[in-house]
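So that you can tell them apart, the chains are marked A, B, C, D and E in the order they are listed, and the count of residues begins at 1 in each.
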Amino acid sequence: MIDYLWLLIALPLLGALTLILFGKHIGEPASGWLASALVVIPFLIAAALTVPFLNGAESETVFLFSWIPVIGANASLLWDPLSALMTLVVTGVGGLIHVYSVGYMHGDPRYPRFFAYMNFFIASMLTLVLADNFALMFVGWELVGLSSYLLISFWFVKPSAAAAGKKAFIVNRIGDWGFLIALMMIFAAFGTLDFAIVFAEAHGVLSVGLATAITLMLFIGATGKSAQLPLYVWLPDAMEGPTPVSALIHAATMVTAGVYMIARTAVLFEMAPISLAIVATVGALTAIFAATLAVGQRDIKRVLAYSTISQLGYMVMAVGLTAFTAGIFHLMTHAFFKALLFLGAGSVIHAMSDEQDMWKMGGLRKYVPITFVTMAVGWLAISGLFPLAGFWSKDEILASAFAKGGFFLILWGIGVVTALITAFYMTRLIILTFFGDKRWDEGVHPHESPWTMTIPLIVLALLSAIAGLWNTPVRLGLEHFLEPVFGDIHQVHPAGGLTVWALALISLAMVVIGILIAYGRYGRGDLPNEEGGYWTAALDGYGVDTFYGKVIVLPGKTISTWLAMVFDTKVVDGVVNGLAYGVRAFGSSMRVLQTGWVRSYGAAIVAGSLGVILWLLLQGGAF
Amino acid sequence: MIEVFLFAIFALVALAGAVVMLTARNPVYSAMGLLVTMFAMALFYVMLDAHFVAAVQILVYAGAVMTLFLFVIMMIGVDKKEERVETIPFQRGITFVVALGLAVVIILAGRQAWVTGSDAFGSPDMVGTIETVADSLFGTWTIAFLSTVFLLTIAAVGTVALAMFGPTAVQSTDEEEGA
Amino acid sequence: MEDFIVAAVKVVIAFALLFMVVLLIVWAERRIVAFMQNRLGPTRAGPFGILQTLADGMKLLFKESLTPRNAEVFLYLAAPVMALLPALLIFLVIPIGAPITIGDTTYTLQVTDLNVGVLYVLALSSMAVYAITLAGWASGSKYPLLGSVRAAAQMISYEAAIGLALVPVIMFAGTTSIAGIVEAQGATYFGFLPAWNIVLLPSFVVFVIAAFAETNRAPFDLVEAEQEIVGGFHTEYSGFRFALFFLAEYINLFTMSALTVTFFLGGWNGPTFGPTWLVWILPVIWFFVKTFAIIFLFIWVRGTLPRMRYDQLMAFGWKRLIPVSLAWIILAMIAMGIRRYGLPWA
Amino acid sequence: MIVMADVTVTVGWYMILAAVLFSMGAAGVLLRRNALVMFMSVELMLNSVNLTFIAAGNELGLVEGQVAALFVMVVAAAEVTVGLAILVAVFRRRSTANVDLLSELKG
Amino acid sequence: MSMIGDLFGPWKGFTVTFRQMFKPKVTTRYPKDKRVKPQRFHGRHVLNRYPDGMEKCIGCELCAGVCPANCIYVRGADNPVDDPVSPGERFGFVYEINMLRCIFCGLCVEACPTEAITMTHLFEMSVTDREEGIFTKDSLLVDPDGTPNHPLPETPLIDINELKLGDGWMRATAPSGRATFEGIEAWSPSARMGGMAPAEPSQQQTADSGRQEAASKKPTADGGQPEEESS
């Protein structure tokens, strides 16, 4: 059975190739269903392959073929509970989003192409997840970036979409740079990029300093892909892509790659406490920073985008706390409810005929009941209301931070405040969208989405509701499941007993307070005027983009301009032209030799070969 | 003993063919001379136990390549006898010296053990049956063999392209209009 | 030395046989075509006119051989010989009967068995092009030149088809030795059906059709299409030199038929019984019976089908025969694989 | 004749013959102006190389000599088809096969 | 059905040729069996005589003049007074036909005013020397008893009797030009017919009966105008 593992990657890839080559002939609904099938089938395979782990089966490595054996990089796949979990999330949520897209992308002129990209993304993501060495992981990492670029700028005729894709690509490159340096350092230290060898020998080979350097570089990669401070800026802009793309890439799967990578290299991070502290801090800061930004957004998708950054901050904080299980747990639950929220937002946008501004919505719950109900589940789940998924995972992270004590108590505080803000802005989103008066423009007739879009919503809503029960303080299901992976690593665990209940109550209280504040502010009649001061700044993302533009982009542009206009024309061209002049002068002196007669060239060739043979004979001592 | 005689006869035939090829004014006779040389070569291959190569030699060279030559000769060069006046300065002298030198140094090189190798590697009475050749061709030299497939495909496509996209079409219509 | 003598005797016998057979075939062709056209054909010379060919040969022998003024004399004279040589040589590898054991020595009824026999056949049959091309060119006149260019193009095209048609045969026999191919067909299916290569029906059809073209016979005889290009490549030939071309043509016809029999119809294989001498003779008889059946087919086709147009001929060769052969090779390969390794799912 | 009796054909004989043929081919390329004959001379050179390959292979007991000769033949066949096609194309344009007249590219 | 028919269509031709092999042949095995020649067969010429043995030819050279192949050579001469060869003033002194050039068109027969030259059914005239292809008066002229000559000996192929079979033209173009005279020798039977008409059964036979006695009544007709017929 494990022999079919390669199908996980091969099937979506096949789908991508088929749709790229023959998409136009396959036609509109068929290509979507084909793509969906080629994601759902891997999901089923992965599910079948995951079952043995529940019975305590060993991890396995499936060797496919030699790629670059010298650096320990083969095309071989690692199948352990962590990658299994990730695969299930990617293919499961991905499959639902594919089905959703069948309806959502209806009527798009490049419909098959969209699904080709989606399938390609799934294949890339699975490559990243299933890689058993850093090199293959990096390949997946880059392919994911590429497909994300393709998908963000899918509607490339919109200049903003094209710019967003470019931005995502460039910002990710900065992160990749860190990742690549980390890989080089690892190769320099271990002489191989194979996970198994690296992790097994890490304690013997690495000093703490080296481990810190490597992990920090890896973390730079993670900040890029997982949209942490300071490299988060691409994610809000990436909302220019189609909504399923936002759901798939920028909520459920790709952005979690950084978290996954840190969890995967947990052994290395464990050796570098400083790095861990930095990771946790960055995560916590990102969480609260993005949460405050989310509060001020008017665009429904941008709220969710900042919310995603904030939640990713939670996850990064968790892995920084060495609460890897908690991080992965939150990754999983977040995948469900954030995908749900995005898809719901997409459904709303679909209903509102592509209107994204929440100030122009309101009172939609009667028009799109299924969307409303499912999104309400997502809202409560992300807010962390008992007993929905978000409650369990977020609470575990916060409890872990609390349990670690010391400096991390500050992070705990930040996390709790972030939970409050999260509840606030999510409630704001729901109220503005579904309650209150109609504020939409003339000529908009909201309607419920087709079944292809609502069914994924329902499934995801169910998952968001119950997924948390897998890993409760009472019954640590995920913990056991992931034990083969993190068994050797010293993880921080929430304290037992009363403390955990107290902490849970605190965060629940925060959530309730947040919801109530939001209700008090938005739920009663007239909406407050949100202009000027904080609101403008938040809408502008605190001017971070402008700041980057001034501090980084502008000097870069200046330097490049100088290089292009002055250095290149004067120095580089000068050298080239000088060479050309020299060559031309030499050439004109030699042109006499080029008689145009083939036979004289032939004579030269034969004479030359005669000379060569003679020289060889002399060297060989024939004379 | 009989081998020596055969060698002598075939060698003379081969050389005679080469001389005819070199000196005939009419390209058809040149082709015939080369054909004779190729037959002699095939017979040498038989003497050297390379039966398969001998058959292929006739099949490919005599059967295909030289036929193609004849075709093209009849198409283009058949009526034009070559002028014997040398136009390129020193060409004849250079040719004479260089060709003679080449023969001498190749023969000299052939006498060097480090050029030819010294010991027998395989079985001395190896015979070039199809089986042995095929074992080597499809075993050790598979990649090379496959690349010849690409080479031939490219050659075929190139030939068709060259033949198809010439100025002929224009010319022929002109002629038709003239006629 | 003994081998040498045996070989020499065999060669002499083979050549004598060829000439005799040609006399017979020419007569048979004239008679059969005449019959198909409600005529009688030659009846005068000898019983049923069987000596007619001999008489014609004598006539040609004594006629004046003209040499056109524009001819390239050397090649003009050499071409008929070049036509005859490969025709004679191909026959040397065809076994006309089962090996005969006298005392301790076994004599094969074949001048020589080459391990590259099939390639030898292909190589020599490709040589026939030269005679035609050179004859046409050396005649120094336009009809022969046109005829020879046509002939060369035709023969080269159909040689490819012949070669491809033989590939499945070689695959089935597992050898390129002609004696080996014949022996491989000695087996039987289900104990009574002879395991002839005729089961490779597409190959057989392609081979026979290409053989028509290769021997420049109807319906592919536009090399000699009188109505268009007078006599084709041998327009300018007369007398004995023409007789050589004629001879070569009919030897080729016989050889091609013999090859068809050898490759596809089991060669000399057939039931044998009776005393030793009959066991020796019967295979030879089977061989000749089959060969003459194929020759009859050739003649029959000539008596039935009209001549093809030149572009039809080339298109047929390149767009029908060769693709069919290629597809069939693939199918035969699959069949071979199944025969050797069983069904893929079994 | 008595002396001849113990003479055998060695690989060296073939080498010498091949060398001579090779040189004749080279001379043909340098002397003849008809592009067709030049081509034929190149073929002669390739043939002589084949002869060395096979003679050496026979001497060393290696089948690789024959394999190499086969490859040379394939390459020669490809070369001839393309070369002659070029020649025909040139002839269509220039109505000559004389390489001395095709010297536009001189410096 | 038509599909199956199409499938075997190409074979139909083969079956046709195959079946023909067993059908009767059309070839006449010539020396053994000879085909019956048509009445108007244009065979070798003969020069005729009158029943009294006089030559009909008067040497007028009209035949030579009309000959498209230019193969007849005639020289006339005056009749010796004591022993006239022909009834008139002149007779054919030399009469040669080059059979190698003759196209057997029969114009000479039409041109002849005295019905001296007629054609027969013999065509076996092969010679081994071109000289022999020129037939002279010796072989062309019938003997006085009406026996025609042939330069070649009688063989199974050369049936001299064929020389006695008359030229159908004579009968087809009866002088009256009337179709009723078809098949009737118009006038003056030539000597080769065996001399005079066999009998004179009845002088008053109508034109319908077609029996022609004019010749016997006017043995010395000069121009050959059978006036009686017109009445």
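Following the convention adopted for this analysis, a contact is a pair of C-beta atoms (placed from the backbone, for glycine too) under 8 Å apart; a residue touches a chain by one contact, two chains touch by 3 or more.
None of these values were measured; they are calculated from a predicted model.
K.L.:
What are the mutual neighbours of chain A and chain E in this structure?
P.N.:
none
K.L.:
Going only through chains that touch each other, how many steps at minimum separate chain C from chain E?
P.N.:
Between chain C and chain E, the shortest chain-hopping route counts 1.
K.L.:
Which neighbours do chain A and chain C have in common?
P.N.:
Common contact partners of chain A and chain C, which must touch each of the two, are B.
K.L.:
Quick one: name the chains whose C-beta contact count is the highest of any pair.
P.N.:
Counting C-beta pairs in contact per chain pair, the top pair is B-D.
K.L.:
Would you identify the chain whose Cα-based centre sits farthest away from the centre of chain E?
P.N.:
Comparing chain centres, A lies farthest from chain E.
K.L.:
Taking each chain's centre as the mean of its CA atoms, how far is chain D from chain E in angstrom?
P.N.:
Computed from C-alpha means, the inter-chain centre distance equals 77 Å.
K.L.:
Return the distance between the CA-based centres of chain C and chain D, expressed in whole Å.
P.N.:
One centre to the other, that is 33 Å.
K.L.:
Based only on mean CA positions, could you tell me how far chain A sits from chain B in angstrom?
P.N.:
Computed from C-alpha means, the inter-chain centre distance equals 63 Å.
K.L.:
Using mean C-alpha positions as chain centres, tell me how far chain B is from chain C in Å, no decimals.
P.N.:
Comparing mean C-alpha positions, chain C is 29 Å from chain B.
K.L.:
Where in chain A do residues touch at least two different other chains?
P.N.:
Expected reply: 595, 597, 599, 603, 606.
K.L.:
Where in chain C do residues touch two or more other chains at once?
P.N.:
Correct list: empty.
K.L.:
Counting only residues that touch at least two other chains, what does the list for chain B look like?
P.N.:
Residues 52, 56, 64, 88, 91, 94-95, 98-99, 102, 106, 111 of chain B touch two or more partner chains.
K.L.:
Can you name every pair of chains that touch?
P.N.:
A-B, A-D, B-C, B-D, C-E
K.L.:
Chain D touches which residues of chain A in the complex?
P.N.:
Touching chain D: residues 590-599, 602-603, 606 of chain A.
K.L.:
Sort out for me which residues of chain B touch chain A in the complex.
P.N.:
Touching chain A from chain B are residues 88, 91, 94-95, 98-99, 101-102, 105-106, 108-109, 111-112, 114-115.
K.L.:
What residues of chain E sit close enough to touch chain C in their complex?
P.N.:
13-14, 16-18, 20-21, 23-27, 29
K.L.:
For chain C, which residues are in contact with chain B within the complex?
P.N.:
72, 74-75, 114-116, 119-120, 122-124, 126-127, 129-130, 133-134, 137, 145, 149, 152, 156, 159, 176
K.L.:
Any idea which chain C residues touch chain E in the complex?
P.N.:
32, 34-40, 43, 300-301, 303-305
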